Structures are given as structure tokens and as C-alpha cells.
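Some structures to go through are shown next.
The two complexes that follow have chain A in common; it is paired with chain B in the first and with chain C in the second.
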Partner chain A sequence: MNWRFALLALGGFAVVYFALVVCGVVPLESLAKMIQSAVGSPAGWRNTLRQATPLLILGAAVFVALRAGLFNIGADGQFVMGAMSGTAVALANPGPVGMVLGMVSGALVGALWALPAGWIKAYRGGHEVITTIMLNNIARVLSLWMVTGIMKDPDEQAATTKYLPTETLLPLIYREKALQINLALLLGIAAVIGLWFYLKKTVSGYELEATGGNPTAARFAGIAVKQVTLKAMCLSGALAGFAGALQVLAYEERFYGGFSGGVGFDALGVALLAAGSPIALLPSALLFGIIAQGTTALSLDGVPKGMSGILLGVLIIVFAAYRYRKEAARD
Partner chain B sequence: MIDPLVILFGLASIQGLTLLTSALTLSSPLILAALGGLCSERSGVVNIGLEGKMLGAACAAGIVGQLSGNPVLAVLAGIGVGTALSLLHALLTQTFRMDHIISGMGINALAVGGTSLIAKTLSNQLSGRMASFPIFIYWVAAWTAVVGIWWYLKSTRGGLRLNAVGNDPDKARQMGVNPVHVRLFALLWTGIFCGLGGTLIVTNAGSFSDEMTAGRGYIALAALILGGWRPIPTLLACLAFGFFEAINLQMQGQSFFGQTIPREFWQSLPYLVTLVALAGFLGKNKPPSGLGRP
Partner chain C sequence: MSAESVVDLSGIVQKFGRVTALDGVALTVRKQTIHALVGENGAGKTTLMKVLYGALKPTEGKVIVEGQERHFTKPQDALAAGIGMVSQHYSIIGELTCLENLMLGAEPGWTIPFANARTKATELATQMGFSFDWDALAEGIGPAQAQKLEILKLLWRGARIMILDEPTAMLSPTDADLLFAKLHELADSGTTIIVVTHRLPEVMDHCDDVTVLRGGKLIASKPVSETNPEELTEMIVGHSVDIPAPTPATPGAVILGVSGLTVKGERGDDAVKNVSFELRGGELTGLAGVDGNGQRELFQAILGLLPFSGSVALDGVDLTKKSTKDRLVAGIRLIAEDRHHEAVIEDWSIELNGVLGLHHTEPIRRGMLVSANARKEIGEAVTNRFPTKFDRVGQRFGDLSGGNQQKVVTARAFQQNPRLILAFQPTRGIDIHVSALVFQALKEQARAGSAVLLVSFDIDEILEHCDRVLVINHGEINEPPEHLRGDRQAIGRLMVGAE
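Showing the complex of A and B:
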């Protein structure tokens, strides 16, 4: 099995190498430059961590659903709805109150947006992949309607809300020269550690993982599988909505049309790479952040942004193959 | 003198006819992709990679159609890339025993990035509309394929084997059917159908643009699940999605009883209807029981 994996890894590297050659740059040099620009300077770290923050929390959202045996493709829609409601609430209540209420409403609306999917899955047997895809599309349409309608800043041409006042925004916790770290990152890490504690140390979390592992066995062990499914989906939605609200309150400072940019789908990759342990979400999200930031830097050399998709695809496949090779060896 | 009823009926049927053709046009790529998904999922391979396979095919067909001006080459390129991505999926899930959803997501990411990169680097050599066959041919292909697959699954040896592998790979193995071979074959067809679907999407648009499949692969997957992994109900689900999309295009800006209904309502109608249908009665469809198993 080993040589097969080596071949796959080599193939993946060849794809990346070839893609960089097609772009007209020197491949190894630009890969080094990519990493250098993402983690080689304080400014690079700032951008990388900024990119990694929503991925981390969204990754946690997808992860908790996965542990309950649910595939939450809907993180993207829940993220958008959380961001939109967070913006609306924060705009209505300036100051720290708006900041806190914005985060709470983001999480609540995210959970509400996941509720139909969870309910249909638990009580009607409808597949969560379909329902969350539908809810994503509805969220996209609804948010565009809101942001071109009642939430639109009348002074702006584009579909965007007003900017939040500075005192409503999340503060920086660290600021030294170019390196700035927002409180959002800390909240994200706290969410991941909280999730770890919940899954590994509480009865409710144990029930969730048992349901995901084998629903029939869980039912015979006296676990209310339907409620657990509903709960897991809502928890996942709440995390995704929370990530959306944080994105507004920490980085974007407003809500606009096409807000997510597909970050909810990247989060699927983050969660799938992390596999078994919530703590593994941290390096996984960081890796995705490095790729996002590194390819942004490469685009200055004329490398199209499609490079990030290629890198992500290759990494997801190679890492997954590596992990399954280990699992196969254990069997 | 003409009977007013006749006029009314005539008007309604003209409206209805444009609605019908538009629904057929919009549902054809969905039908092709959903059939691709059907082949793969009935053999036990979860296929979330339909989107990426269609996107890859759309890019290849669009670029080759523009560069060569030859519709045959364009379709072949589309099918070729769709099949290549599908065989990569087969390699990852069967040889490397990788999780089907993870490998599907990986393929999607590769396709989004790869197509965007290639289209960007070739952008100054590409111009004009791609060469292509008339849309009509794709309709015929899609509908024939539905009937073909229905017949194949129901009454051929190969179809029964495909089903057996999808339902219980272990038993199939004991009966002397090699699941890997059956799935390789099934995924080959998935690639062909996704290739056609992607080619059709780019044919409709005239040239490739980034992420032009716009989630149709996921909608096709939804139609497949709604249709309970059966060819004819899946076809109906795809038609329903196409029909709602057509209604959305026709009804925009029209008023009812003096009220203008926002465009966004019509846009989200198909998704809302799907949700309600699932909440009401369509949720109990049972997937092939070997889905996702090695």
C-alpha cells in the first residue's frame, strides 16, 4: 500500500507543479514564496489568521454535525444568515451591547436556519444534504433581497449595509507593528476547545457521538436519537451563524451581497481533514488559512486565484489517502 | 367570429409552450448529471463530485469548442474530462479506500481551481462562441439515457449486478461479482453523463466562465435523492426543478391581483417546494444500503 500512497502524493505534487508552470512562474520558488508570505512576516500572519478565523469556527460547525453522522453542506447558508442578522442587530444597537447581541443573534439565527434540516432529518427521514442545499439557496436569495432592499445603505451604489461604528466592533487583543490579532480568533479557539470538552467530557456530547457512530445501537442504549440529531444540527447551525456574526463584527464591518464567497464549502474541507478530534481543527484551519493567504500573495505574480482550489483539492485528497492508509494498516 | 374560449386557450398554450421548452432546456443538464449520480450511487459510490465533474467538462468543451471550432471535438473533450475526473474518483474510493464524500469534495475543489486557472491563462486566445451541436441533440440524449438506464437496471444482468454491489458489496463479492470492476464501469458512465451535462451547460452559455455550473451538480444530487435513486422519479424531480426555474424566468415582474411579487420569491420557490415536499411526504426514500461501503 505504501508505494501507492507515494505515487498519489507524487501525482498530487506533479499537478501543483504543472499548474504553476502553466501560470508561467518558477514552481518551487513560488511555493516557498507562498509560505513565506503567509507565515514569514507579522503582516502575513495577520492576514493568515484573519483568513483562518471563519474557517476554524465553520470547520467546528461542520465537524460537530459530522460526529453526529450528519453532513452539513448548509454551513454556508447558516453563515450568511448569521452574518446578516448579526449586522442588523448590531446596527440597531450601537456600542458593546450591539456587539454582544449581534453575536448572540448570529448564533440564534444560524441555529434557526439549520432547524428545518434537522427536523426533517430526524422526524421525516429527509436527507440533510438536500435540505441544507435548498436552505443555502434560499439564504443566498433572501440575503440578496434584504441587502438590495431594506438593509441597503441608501448612500451606496452597491448592495451593502452601512458600516458598523467602531465601538460596536470586536477589539484587537494584540497589536504590535503589523501583527494584529482580533478577539474573534480567541473566541474561535475557545469555541473549538469548548466543543472538545462537550464531545469528550459530557453525557450529551457522548450521546451525540454514539448516535453518529451507530444510530441503531444508540437507540437500543436508550439514547433519544431523534432529539440528538435535531440538537446536533442546531448546534452546528449556531456555530456557523456565530462565525458569520464574528466575520462582520471583527473583519468585514458590514454585510454585503455575496458575503460568504463559498467559505462554508472550504469549511467542509477543514472539518474533513480534522477527522476524529476537534483539536485537529486548529492546524487544519491554519493550513487552509495559509493556502488562502499564500495564493492571494502569489496573485501579484500573475498566478490566477484558481491555484488555491488546486492546492486545496490536492491536499484534501493526499491527506485523506494518508489517513486511510494508516487505518487500513491498523485493521 | 372566433370563439373567445379558443383565443384564450390559444394564448395559454403559446405561453405554455415557451414555458415547456424553457423548462426542458433548463432541466436537461440536471437530468444528465442526476443520471451520472444514479449510476454511481446505485453501485454504492456516494457522489458529491457531480458538480466538479460537470464543471471540468464544461471548461474543456468550451475551450476546445472555441479553439478548434469543431463540435465533435468539443463534446469529446467534455466527455473526456468528465470521465477522467470520474475515474480519479474511482481510483480514490476503490484503490485507496478513501471516504467517498471527502474524495468528492477534493475533486470539486480541484475542478473549481483547475478550470479557473486554465481559463484565465488561455483567456487572450479565446473569443467568440464555441462550436457546438444544437441543444436538441442533448435533450434526446438525456431522455434516451433515462429510458436506457431504467431498462438496464431493471432487466439486464449487468444492471442486477450493479444493484447487488450497491446494496451489499460483501454479498456480491461472495457471489463472485467484483465490486471494484462494477463500480469502475458505473463511474465511467457517471463521467460520460456529467461530461454531456457540462458540455450542455457551456453550450447554452456560449463560452466558459468561472464556476458556471452554479451548484447544478448539487441540485442534481438533490433530485436524485428526491427521486429515491430511481431513474423515472429522478427524471420527474429534474423536470420539476427545471419547470420552477422556467416559471421564475417568466413570472419576474408580472403582477398578480395588483401586487408585484418580488423576483426573489420566484427564485426561491423551487427550493421552498422541495423543503415542504421533504417535510411532508417525500422524505422516506431509502438509499442503496451499500452506499459508501468499501
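Showing the complex of A and C:
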């Protein structure tokens, strides 16, 4: 911590402050309200944790790709495809079987949706940022076509599927007053712990991080860099697709057009904020959840939703600068 | 030669937290001389130079340049005062042309009058006897040209005092001699040069004065004519170097069999041409040759990193179809040429790097897992094998000094029962006395039954340490006949294809 960092943090705060002034609210009051609405009541916590669940798993998806040196911008599309296939499978198999199969198919389809990007990157050298952006658009249009076509609930005007029956949905694991916690959150936390174990303890995870750390040195160390690249991309896609299926099975209870709302892009921030540690995904996703919930509450006062983008942007810049200073000081 | 001093450092103390890197060091450099600064890794050479060119602000002490006391806070200040440095790793940007590299950061104004600049650049190069294709991308130039370009960069910026850090580390012996010839010309025409080096022959043959640092303290500073290599070695190391005499080689079974090996190089021509040879256990074999004659491609083909035709067998087992991983498991170890790119992940800890490439072998690999215990053991083994300066095995690898990084990389090749060690200049950047230990260890590994192939650009190093000599020239390998094995001239002729 030094004066530059303090100045930067202050500058960041000033940006947020003036953005709120421009929105026509009293800044400090609004910030207090944000925090109050996100973590000040059981109902606030319920909403915050609900927002944090997909952010956590998608964050893990982007994170694992980053560790392999890949920037998976496609988490959003993989999330949508996972949610759509999860819904279709769960609708076809009512009850706990559909719940489990829905999650499995979400992960599988997510991995499949990432596969072309991984393959093109590993064997043809095409940049994954470009290909995953393309795949995002295809996922968006394809899912819209499906949900206005064969997947559409004929009794509905809007582009949406039927609701899943209650027995297919993921159960609550905690419920007291307004605070409800869905099993999905626990599964997300388990996924992050599993990811930590994979990266830090297994040979496969070691090779994945080596490939991201220095692909040439990895090749010299007998690591099949291309296969690892493909594997990492598919693993990332599987996590994103799993997050999509959970979103349906735990919270949304159906699939509809424009499903993601860009949560796959917020996940980039979650992963970046977590830096090198998978466990840091937990506080990072929680912070993003708080901001998402807080700005939702502010929107009632007429503050645009874009405010969350400003807040997150400022946070990431301040944090990145802090880390950069730390690294620069070390050199 | 004038006796007037241009650089006068006195009482320099540099502390990093509780560590004292420099403890009251003084340095006086006479005008228009080549001054050598020598010492082991961590003796404080680089730190002292950083103080001189403004990258570090000393805790205490005086910096006087050309009679004027200076308080540099950044390298640009030092450059404005006429001091510039070429560091060990060149800062040439491959995507820019040579001319753009030359001007980078010192462009004449908002716009760049290229034609004008090209004329000036050519003039400058001609003065130095260098020639450059100014419009070619810099990525194509070799280490010798890059070194020259770095020197021109300093002259372009008007440097009158030049610091060169290990200037010959990347150069072949011929290029190194040429470089020093140019440095003499520069000195004669008014420039003062400070050379940080490990190589005593360079000091003896080319420098006017020498300053020895050890453990952050000034040990001696005197004209080269008043000292000798033995005295310098003792001053550098602090005690006389005493390595036990090696046992004679007893060649054992054939470990590596190479026959009809041809490897394509980067430019599509054959970098290794129909080469056949055998390496036996018990022997340390030296591969002499000028840099870039196929050594790199030979090693990479044996490790399975480059496609080849012909055959390579280890312990009688054909490797042609085997992956790099299988070859590592079979016991081939490479001490890679380019440590930063090929050998380590600098952001990782020493411990994690310690098992890189060994992680396919039991017991480091246990089923699907990397054994934490084995990893820890290897981490300790690679730092204990040669005297290495480090804090803890969990420390970031990139934070080690260059020499200490090399020691860890070299030590790693000895782990997990190697059958064949391919050592590409394994002592690059390592100080004299640890280098001796490395050669000793390679020899002991050979005596224990492994085959060792050592690539070196230095004939004397090979003659001193190796049991057997092969010479590579333009991708062809020759072995000097029995009676010429110890003949420096004969090997030198083979190296350049004169025989």
C-alpha cells in the first residue's frame, strides 16, 4: 500500500461518486442503500447468493481457461447452450432423473460448444477470442430460434419453454424466514473446491497450468500442449454449461430467449479479480453478487443498470493496478 | 592512455530491507579504458552498475561522473549524463525494423524523418565498422548483430560511458573477439567502457583495469597488467579452487545410438546432416562447435521436439516413434539452451519448477496425482545440489538471480536416474567455482554409468573437462583422430571446416 494506490482508489471512488451524481441521486446514501439491500437483510442475502451462484461457476469456467493461457470469452454462449439443453433434457425426464441428467447434459453441451474454439486454437492457431465471440452469437440466435420454435410453450405469448415441474428442480438446503439457499450454491462451491484440487494436486492440472505459464517450456517438459489446450477449453465450456443448467434447475425454472443477460461476461471480471487462486473465486463471486444485487435495488431509484458496469470496471482497474505495483516492486 | 577518471563511485552502500547488497564499495574508472568488473553471482556487480546508471538510488555513497556529483533517479538521467548500459538480455523488438529499434525512445521529434535517420544510422554504423540492413525486421538478426545494435543504440543516444553486462555470453568465440576489437576502437576514440564478466580470459586479454567484488565488498582494483588469472580467481572465490582429480574414463555399454540422423532447421535446410555416432556410459563427451551449427536441432531431435529422419536409440530401444514424454521417462534429460523460454516457468515457485518434465516419472507421479512429498524432496534436491542462493523453495523462480536459476535448471537434469544428459552450455552465467562443481557433477554422473553430451562454444572448456570430443560444423559431426584429441588447433580447424 502506498500513496499512489491510495490516490488511485480515491480516484476510482470519485468516478463512482460522480456517476451517481449524474444519475440524480445522493451518492453516499445510494451506496449505503446498495450495501443494505445486498447484505442487510435475509431477503437481501437470498438475492445476493442467487446472483453469485452463476457468477461463481462461470468465474471458475473462465478461470480454468485463463490458467491454460486461454481467454474464454465464450462462457456466455456455453452458459446459454448448457441452460437450453439442460432444460430440454429435464423437461423430457420429470423428477430427480431429469434433474441429474439436466446437469450432465448442460456440462456436456457446454463442453461441445467450446470444443471448436479449442480445436481451432490448438491445431490451426485461430485465436480463441475471435472464435468464442462467433460461437456466442451463434448460441444466442440458435437458442432464440429454438425457443420460438420447437421448444416454445404453445400456451405462452413470449419466447419461453414450459416451466419445469417442482420435483425436477434443485431443492433448497436452507430456509429460514426470507433467507433461502439453493443446493446450486453448494454445487458451485464444490465445483470451485474440485477445481482447486484438480489444478494444485493432479498431474493433469499441473500440465494445464504449465501450458498456460510457458507453452514452450511445457513442450520441452514432454507435455502435449495441443491436447492440453483442447482439454482446458472443453473443461471451461463444461463448467459454463453446468452453470447454465443449474441456473434453470435452481432459479429460473424454464428457459427463455435472451437467457444469459451477459452474466458470462461479468464472469470474466470474477476470474480476473481472483488472480491466480481458485479459492479466491469465492469472495470474488460474492463481491460481484453484492454489486449485481445492489445495483438492481438502485434501479428502483432510477439509477441505470449500467452503474454496475462502472463499479466493476473501477474495481478491476484499481485491483489490477495494485497487483501491478506489487509485481513491479518485486522486480 | 590518460589517467583522468571519468567515473568515481565512493562509499556506495545499497540495502534491500535487511540485506546489504553493497557495503561501502568504491569504483574508479579511468577515461578511455576498458574496465572489467568481476565477481561471483550475487557479489554485487549488477547492483553496482544499476547504481551507476540510475536504476537504483544508493542508500549511501557518492556518484561522481566526469568530475560532477550526480544524483540519478532514473536511467534517463544517467543517459543524459552520458552513461548507458547494454544488459545481458537484449531489448531488441523483433517486430520493428533495425532502424526503428535504433531510434526507439530517442526519436528526433514528433515525426520521424526516416531517410535522414537512415543516413545518420549508416554513418554511425560505418564509423564502427558494422553493417546493417536498416529496413529489415530485427527478429532475423542473430545475437552478435543484436549486441552491435545495442551498442549503436547507446552511441545514438550520445553515451560516452558504456556498461556492458556479460557482453559475450551469447556470442561465439570469434564474435566475442571481434566485439572486443571494436570496444578497443571505441575506447581509443573517446568512450569509456565497463564490462561485467565471468570470463577471466577476456579480462586478461582485453581489459585495462579490473575490479573484483565479493559478497558486496570491494576486494581489489588494479591494472590487469599487475595481476594474473590465479590471483583473480582467488580474489573472486575467496579461497583457492580445489577440485579432486577425476578418475579416468572407462567407457561402458552404448547408451545413445544415433544413425543417419537428418534434421530440418528453421529455414527449411538441413541443420543436421546424416549424422551417426554413439555415446557410451561412463564418458563425458564434449560437442565442440561454433554456435548455430546444428547443436540445437540435434538436441531437440533426440528429445523428440523436432521431426527427423534416421534413427535414434536409447539403451537399444528405438525412440523414433516415441513422444517427448516417453523419452523423458526413459531417462533423457535436457539442460536447455534458452532457460527463460525452454526450461522454466518464471512465475512458478522453485519447487514447482523442480519437477517440470520429471512429473511423468514415479514416484513424483502417483497415479493421477503429483506427489507433494516427492515434489518437496526434488525441490530441496535441486537447490542443494549446487550452492544456490535462495530464500525458500516456495519462492518465485524468476526472483532468483540468473546464475542461481541456471544452477537449479542444471541440478534438475541429475534427478530421477538420468540415462543421458544433454547439456547445452550448462554453466552459462554461473560463477567460476560453481561451474567447476557442475563439470565435476557431470563427470561423476558419467562415471556412475550415464552418458553425457556437453555442448560448448569454448574449446578450452571441452578440452579441460571432457573425456571425448566430437566436433559439429554445418550439421556434420566429426571426431578428431586419436593423436589430435587434445590438440586445440586441430579441433579449431574442424570447428570451422578447414579440415
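Following the convention adopted for this analysis, the second predicted complex is superposed on the first by the 328 of 331 C-alpha atoms of A that agree within 3 Å, B and C clash if a C-alpha of one lies under 4 Å from a C-alpha of the other, contacts with A are read in each partner's own complex, and residues count from 1 in each chain.
Please note the rule applied: contacts are C-beta pairs under 8 Å (C-beta built on N, C-alpha and C of every residue); 3 or more make two chains touch, one makes a residue touch a chain.
This structure is a prediction, so every number in the text was calculated from the model and none was measured.
K.L.:
Looking at the overlay on chain A, is there a clash between chain B and chain C, or do the two fit?
P.N.:
When both complexes are placed onto chain A, chain B and chain C end up clashing with one another.
K.L.:
In the overlay, answer first, second, both or neither for which of chain B and chain C A:I193 touches.
P.N.:
In the superposition, A:I193 touches no partner, neither chain B nor chain C.
K.L.:
With both structures placed on chain A, which of the two partners, chain B or chain C, ends up touching more residues of chain A?
P.N.:
B
K.L.:
Which holds for A:T216: it touches chain B only (first), chain C only (second), both, or neither?
P.N.:
Only chain C is touched by A:T216; chain B is not.
K.L.:
Contact-wise, after the overlay, does A:V203 reach chain B, chain C, both or neither (first, second, both, neither)?
P.N.:
second
K.L.:
A:A224 in the overlay: touching chain B, chain C, both, or neither? Say first, second, both or neither.
P.N.:
second
K.L.:
Which holds for A:M134: it touches chain B only (first), chain C only (second), both, or neither?
P.N.:
A:M134: touches chain B, not chain C.
K.L.:
A:I279 contacts which: chain B (first), chain C (second), both, neither?
P.N.:
Neither partner.
K.L.:
Given the touch rule stated above, what does A:I35 touch, chain B (first), chain C (second), both, or neither?
P.N.:
After superposing on A, A:I35 lies clear of both chain B and chain C.
K.L.:
Which chain A residues qualify as touching chain C in the complex?
P.N.:
Residues 201-204, 206-207, 210, 213-214, 216-224, 330 of chain A touch chain C in their complex.
K.L.:
Quick check: in the complex, which residue numbers of chain C touch chain A?
P.N.:
303, 305, 323-329, 334, 336, 341-348, 352, 356-357, 359-360, 365, 368-370, 372, 396, 399
K.L.:
Can you tell me which positions in chain B touch chain A when the two form their complex?
P.N.:
Listed in rising order, the residues of chain B that touch chain A are 48, 92, 95-99, 101-103, 105-121, 210, 215, 218-219, 221-222, 225-226, 262, 264, 267-268, 271-272, 274-275, 278-280, 282-285, 287.
K.L.:
Quick check on the complex: what are the chain A residues that touch chain B?
P.N.:
It is residues 4-5, 8, 15, 19, 22-24, 71, 73, 116, 119-120, 124-127, 129-131, 133-135, 137-138, 141-142, 144-145, 265, 268-269, 272, 304-314, 316-317, 320-321, 324-325, 328 of chain A that touch chain B.
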